[in-house]
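Look at the two complexes coming up: chain A is in both, with chain B in one and chain C in the other.
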Partner chain A sequence: MSSLTFILFRLAPGDPTINFLSPSFNEETRAALMKSFGLDKPLWEQYFIYMGNLLQGNLGQSFLQGKPVAVLLADALPNTVLLTLVSLTAAYAFGIVAGAFLAFHRGGLVEAVSIPAALATRAAPEFWLGMLLLAGLAFQTGWFPTGGALSPGREMNSFAERFMSGDFWWHLALPALTLMLYLQGLPLLLMRATMLEVLNDEFIVMAKMKGLSRWSVVMRHAARNALLPVVTAFALGLGASIGGNVVVETVFAWPGIGRVLVTAVQSADYPLAQGAFILIAASLVTMNTLADLAYAALDPRVSVGAKR
Partner chain B sequence: MSLLSVRDLVVTYATRAGPVRAVDGVNLDVPAGSITGLVGESGCGKSTLGRALMGVLPDAGRIAGGQIMFEGTDIAALSAPARRAIAWRRLSFIPQTAMNALDPVQRLRAQMLEVLIERGGLGKADALARASELFHLVGLDPIRLSDYPHQFSGGMRQRASIALALALEPALVIADEPVTALDVIVQRQVLDVMRNLQARLGLAMILVTHDIAVVAYACDRVAVMYAGRIVESGPVADVLENPLHPYTMGLTHAFPDLYGDDMTLVPIDGTPPSLLHPPAGCRFAARCPFVQPRCAEEPPVTDGDHHAACWRIDEAAELRALAAIPATWMPK
Partner chain C sequence: MMKHWMLTVGLTALSALPAMAQQAGDPVRTLVILAQPQAAAPQEFQAAEMVAEAWKQLGLQVQVRALPSQQFNQIVWYERQRWDATTWQMVGRPERSDPDELTYNLFVGANAANGYNFVGYLNPEYDRLAQAQREELDITKRKAVLIEAQELINRDQPYGFMVHPKNLIAYNATVWDDSTMKVQAGIGVRNFWTWIGLKPKGAQKDVILNSTATPTNLSPFNIAGAQGSWAAELVWDRLMRIGPDGLPQPWAAETVTRPTTTTVELTLRAGMKWHDGTPVTIDDAIFSLEAPGYGDKSPMYKPFVGNIAKVETIGPMSLRITLKRPDAAFLVSSLSKLNLASRKIWAPIFEDLKNKPETAETIMEKLPVGSGPFKFVSVKLNEQIVLEANPDHWAKPLINRWIMRITPNIEASLGAMKSGELNVLADYTGDPELLMALPKSNPNIKIADALDMGIRFIAYNERRQPFGDVAFRRAISAAIDRDAIAADAYGGAAVASNSWVSPALAFWAAPGIAKRVPGGTVAAAKQMLKDAGYVLVNGRLHYPVGVKETTAAYQ
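Moving on to the complex of A and B:
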C-alpha cells in the first residue's frame, strides 16, 4: 500500500518545486532546495529512504509547508473524525428508525413517497447537495457560515478548546448535514430489508404466539436481529468516510484529511499526499477489522476468528 | 364437554389465483388431559389449523368462518387484546424446527424469563427458579440456560421448546411436527418427555404429524385430515385397527407400522385435490379404490366417538379386507 502510493505520486506529472519556488529563484537555489528534500537522489534511493523512515513511523516533511507530515495530519484528523462521526451517527440513527418504520408500513403511501426520496438523496451528487444547502442556509439566509471550521480571526490552541466552542459546531452543521443526507440511504434501505426478512422468521411468529407486547416483538426480537448487518455497515462506513469526505470537505472548505489530500495532490506535495493516503488506508483496514469484531460480539453464532 | 371444540372452521389464504381454502369446514373435539394426533399428507392444512388455533396466521391467511370454542369461549371471535390475554397462558405451541423458533441472539435464560415475567407475571427471582425447574423437567441441565440456541443439539432445542411451552402450565399445547426433524432415537426420547409431562400436568395436546407411527406411539386419539377436512377421528386403537374411511386404510398401509413388521408399503396413488377449487362431494374420490357414483355428493358423517365421513361406512369391514391387498392400491 505505501509502496503503491509512493510510485503513484512519483509517476504523476508536476514538479514539487514549481509550486514552492518563485520563478525568481535561480538554478542554484532550486538545486539546493531539491537536495535538501532529497529530490536530487535517484528514484530508487528516494524509495528506500522513504520506506525506511516509514518503518520508523516517520512520514517525512511536507514540501510545501515545511512541517512534519505527521503534525499536519494530526491537525486535520480530528476535524475529519468529528465530521464523520456526527454525520454517520445521525445518518444511522435516522436510517435505522426510518427503515424499521418503513418495514412495518409496507406497501403504504409512506413507502411510496419515502423510498424514492431516500434513494434520490443517496444518488444525488454530494457537491450538488452541499451547494444547495450552502446557497439556501448560508448565502441566502446567513444562518450558517459558508466554510471553514472556525470564524476568521479565531484561534484555538488545544483541541479540547476547539471542540468545546459553539463556533466550531456551528461551522460543522452544514457539512455534517450534507454528509448525513448523503449517507442516510444505506442504513435506511439495509434496515428495512433485514427487518422485513427477520419479521418473517419463525421466532417472530413464536413471539406473537406467546402474546408478547408489540414492543417486545419488535424491539427485543426483530430489531435486535435486524441490527446486526447495520452495525457492521456503520463500522465500515466510518472507515470509508475518513478518506471519503473529500467532496464535502472541499465544498465547505473543511480542514480535514480529505482536503489535505486534495491540496497536497494539486501542489505535488508527495510526502503529505502519501501520508494522507496511508492514514486513509490504515483507517479502512482498522474499521474493517472492528466491523468483524463488532459482528462477532453481537452475533453469538459467529465466534472471533471464524469466517462468517 | 371438550376442552376444545372446533366447528365448521374455514381458513383461507388470499393468493393471486384466488382464495385457497386450506382449512375447509373442520370439526374437531379435543378432550382435556389427552393427546390428540392430527395426521395427513403434506399440504392438507395441518399447520394452518394449528396456527389458526393459536391465533397467528400469516398475513395472507384469515379465518373465513366457523368457531373455535376453547374453555367455553369462541376464541376466533375474540378481540386482539382479549386473544392476547389467553395466549401462552392457556394454550401454547411447540414448533417443528426449534432452530429458527428460538431467537438466535438471545440466551435460553432470557427467552424463558421473557415468557415467565412478561406473560406469567413472576418476579425475577421466582422466574429464574422456575426456569431451572422447567429445564430440569424436560431433562436439560439448568446450566444450559446460559447457552444460545445454536449451542444446542436438535433434540435439546426441542426439549427447550417444550420447557417454554409448558412454562405457564397451559390447558392445551399444540405441537406442530415436534419430532419430524429428529432422528428416530431422539424422536422417541422427545416424545417420551412430552407424554410424561402431559400426563403429569394433566394438559391436553394436539400433536400434528404425518407419521402414523408417532400417532400410534404417543397419542390417545387421532384425527385424520384430508384436503382441508377431518375425514375420520376417534380413539387411536379404534381408528388404526378398524379404520372406517378408505383414506385412513390407505394411510396405515403407506407407513411402516410401529412394531417395525415388514409389511409391504403401498403408497396411495395420485395427489390431493387443489384447495383452490376443491371438488364437490367426497374429496378423496379421485384416489379412492372404492369410489361409487354417489361419492360425487357430500358423504354423511357418522355419529359416535369414532366417526368418519364416507358413503360406504357400513361396508367398512369388507373394504378393510380389500385394502389389505396391495393390488387394491395399485394404479389402474
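Moving on to the complex of A and C:
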C-alpha cells in the first residue's frame, strides 16, 4: 500500500510547485522548491528515503503546512473517528431494531412505507442529504451550527477537553445525523433479510413450540443469530468510513481525515496525502481483521482451526 | 422545371467547393480552451463557454475542456507547447497597486521560456517599454510609458482580456460600524486597513470571516495564497504599506526618501516590539532586506531583493539601500512586500538551512512572531486561524480577535452569515445574485462592492498557430463580448476589461481602453479575418492560401 500510494501521487499530473505560482516565479524558484521537497532526486532514491522513513514511523513533513504529517493527521483523526463511531453506531442501532421489527411484521403497511424510505436515504447523495439538513436545521431555524467542529475562535487545550465540551457535540450533531441517515439503510435491510431467513429455521419453530414468549423468540433466538453479518458490516463500515467521509466533512467543514486527504491531493502535498492514505488503509485492514475476529467469537462454527 | 433548376444550382455550388478550398489553406484545427471545472470556477467556465460560442461564429471549431486544478496548472505552466488557449486570472493584491509586477512579468520576452509570460508573447518593442517604465522615476513620464505599453498590448492582443471582477463582501452592520469599513483601491473593503480600523458597535469584538481555501503555512518568507496572505500581512509588519489610495506609505519605516535614482533611505519607527516583547532593531530591518537573497533559501522572495546592491546603516535607526539600477516600483514591489522578520529567530534558521535542502518557505515557527498589529494565536488545518490584537502596536486594532474559518462549502458560508456565525463574508465564489439577495432576507447584512484590480482573461498560446498571428488574435479578441460576459457569467459583478491595469487603478489605467478593442464586434472580427487572408469554406475557417495546419490538436 505504501509503495502504491508513493507511485500513484508521482504519476498524477501536477507537482507541489504549482501552488507557488506568482508573477515572479521562474525556473530558479522551481528548482529551489523541488530541491527543498526532495523531488529533485531520482524517483528510486525518493522511494527508498520514503520507505526508510516510514519504517522508522516517520511520515515526513507536509510540503505546504510546515508541520509534520503525523501531527496534522493526529489532529484530524479523532474528529473523524468520533464522527464515524457516533453515526455508525446510531445507524446500526436503528437499523438492527428497525430491520428486526420489519422482518417480524412482514407484509404490512409499515413495511410498504419503511423499505422505500430506507432505500431512498441509502440512495440519496450524501451532500444532498447534508444540504437539506443544513437548510432546515441550521439556516432556517438556527438550531445547529452551519459547520466546523467548534464555535469560531474557541480554543481547546486537549482532545479530552474538546470531546468533553457540549460545543463539540453540538457541532457534531448535523454531520453525524447526515451520515447516520445515509448509513442506516444497509444494516436495516441486512438485518431484515437475515431475520427472515432465521425466522424460518427449525430452532425458531422449536422455540415457538416450547411456548417461549414472542419477545424471547425474536430477540433472544432470532435476532442474535441474524446479527452476525450485521456485525461484520459494522466493522467494515467503520474502516471504510474513516476515509470515506470526504463529502460529509466537506459539506459541514468538519476537520477530519477526509478533508485532509482532499486538501493534500488538491495541492499535491505528497507526504500529507501518502500519510492520509496509509492511515485509511491501516484502518480498513484493522477493521477487516476485527470483523473476522468478531465473527469467530460470535459464531463458533467459523472459528479458525476449530476442532471438528 | 423548378426541381431541375435547383439541382443545377446545387451541383454547381458543390463543384465550386474544391475550387474554393484550393484558394484557402488547411482548415484550422479544432481549438481547445482549457478551463477549471464549472464546480470549481463557475464564472470563468461560463465565460469560456461564451468565448467559444463567439469564436464558433467566426467559423472556428472550438471546445472548452475542463481540467482539475492541478492538471490544469501543470499543463498551462509546464507543457507550454501543448495547449491552445486557457482561462486564467490574476487576483488583486495590495502590492499590485503599482502595475510594474504584472507589466514586467506577464509579457516580457525573457519570461517566455519559464516565467509568467506563459503565452510566449515576444515583442522587443514591448520589452523596451516594460523596462523603461521600471526605470522612470518621474511619475508623469512613467504613466505615459505605461499607457503606451497598454496600447501596444491592445494592438497585439496576446490575451483576450475579459473582465475585472468586483469584490463583493457581506458584513453584519449591527456588529460593525459602516464608516470604519475602509475601501482600498483595487482591493475593496477586505483589506489591512479595515481590519486595523474596524470599530465594533457592541459586545461582539471578534471579526469572524470565512475562507473557502485552506491557507498554507504562515511564515514571513512564504508568499501564502490569497487567503493566507490576509493573515500574514496582519502578523508581520512591512517597512511600507500600500495605503487605501493604492499608493505606498511609510509604515514600520517612519520616513522613506529617495536621494538618488538608485538609493533609498529610511528611518525605522521608534519603540516597535516583536510579539515576544523584544525590540525591533535596525539590524532586524537589514536582515529582512538581505535574508531573501541568501543563496537559494528563500526563492519566493528572492526576486524582490534581486535589485538590492547593498544595505547599510546610516544612523541608529536609519539605513540606506543602494540599488543596482533605478527601480520606480521598488517602494511598492519590495518595501511594501517584504515582511519584517526577527533576526534573532530567523538568522539561526537560515544558518541551519545552509546544510539542508529545505527552503525558508517550508519552515513554520511553533508560535510565529512578527511585530504587526495582530499576534498569532493558533492555526488548525481545515478549521481556523486565530489572531489577536497586539496592544503594544502603534496602530492597535479596535477589535479583539481576527478569526478566519475555513469553510469550503460556500452555501454553508451564506447560511453562516444569516445565522450570525460569520460577521464578514470575505471570500465568496458563488452566484453573485444569491449574495446580493442576502440583505433582503436579513436587513442586518450589508454588501460592500468595489472594483478589483484583478483580471480574468483567455490567454492565447502564441507558440501555436494560428495564435502566433497577430491578425488572428485581434480578430478573436474582437469577437468576445466582454459586456455580456460581465453581465451574464459574472452576474453583473464585473466590468469589461482590455488591459492588465484595472480601471480601479485609475491613475495608471489607459482611459477607455476596454471600449477600444480593435474591431470590437463579431462582424468586424469576420472582416478582420478575411482581410488577413483567412477563408470561410462551407462555414469553416481555413488558414490563408498556402498555409498548412502543422500543429497537432490538443489531446
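Going forward, the second predicted complex is superposed on the first by the 289 of 308 C-alpha atoms of A that agree within 3 Å, B and C clash if a C-alpha of one lies under 4 Å from a C-alpha of the other, contacts with A are read in each partner's own complex, and residues count from 1 in each chain.
Heads up, the rule we're going with is that a residue touches a chain if its C-beta (ideal position, glycine included) is under 8 Å from a C-beta of that chain, and two chains touch if they have at least 3 such contacts.
Keep in mind that what you see is a predicted model, and the values were worked out from it rather than measured.
A.B. asks: First (chain B), second (chain C), both or neither: which does A:298 touch?
C.D. replies: A:298 sits against chain B, while chain C stays out of touch.
A.B. asks: A:221 in the overlay: touching chain B, chain C, both, or neither? Say first, second, both or neither.
C.D. replies: In the superposition, A:221 contacts chain B only.
A.B. asks: In the superposed model, which partner reaches more residues of chain A, chain B or chain C?
C.D. replies: C
A.B. asks: Is A:66 touching anything from chain B or chain C once the two structures are fitted on A? First, second, both or neither.
C.D. replies: second
A.B. asks: For A:145, using the defined touch cut-off, is the partner it touches chain B, chain C, both, or neither? Pick first, second, both or neither.
C.D. replies: second
A.B. asks: After the superposition on A, what does A:201 contact: first (chain B), second (chain C), both or neither?
C.D. replies: first
A.B. asks: With both complexes superposed on chain A, which partner does A:76 reach: first (chain B), second (chain C), both or neither?
C.D. replies: Touch partner of A:76: chain C, not chain B.
A.B. asks: Give one of first, second, both or neither to describe whether A:253 is in contact with chain B, with chain C, with both, or with none.
C.D. replies: Only chain C is touched by A:253; chain B is not.
A.B. asks: Going by the contact rule at the top, pick out the chain A residues touching chain C in the complex.
C.D. replies: Per the touch definition, chain A meets chain C at residues 12-15, 18-33, 35-38, 40, 61, 63-67, 72, 75-76, 131, 134-135, 138-139, 142, 145-153, 155, 250-253, 255, 259-260, 263, 266-268.
A.B. asks: Using the touch rule from the top, collect the residues of chain A that touch chain B in their complex.
C.D. replies: 201-203, 205-213, 216, 220-221, 224-225, 228, 298-301
A.B. asks: Under the touch definition given earlier, write down the residues of chain B that touch chain A in their complex.
C.D. replies: 51, 54-56, 83-89, 92-93, 95, 97, 100-106, 114-115, 118-119, 148, 150
A.B. asks: Going by the contact rule set out above, which residues of chain C touch chain A in the complex?
C.D. replies: Residues 69-71, 73-75, 77, 90, 101-102, 104-106, 111, 113-116, 206, 208, 214, 216-219, 222-223, 225, 296-297, 299-300, 302-304, 357-359, 361-364, 377-378, 380-384, 386, 401, 403, 405-409, 411-413, 415-416, 418-419, 421-422.
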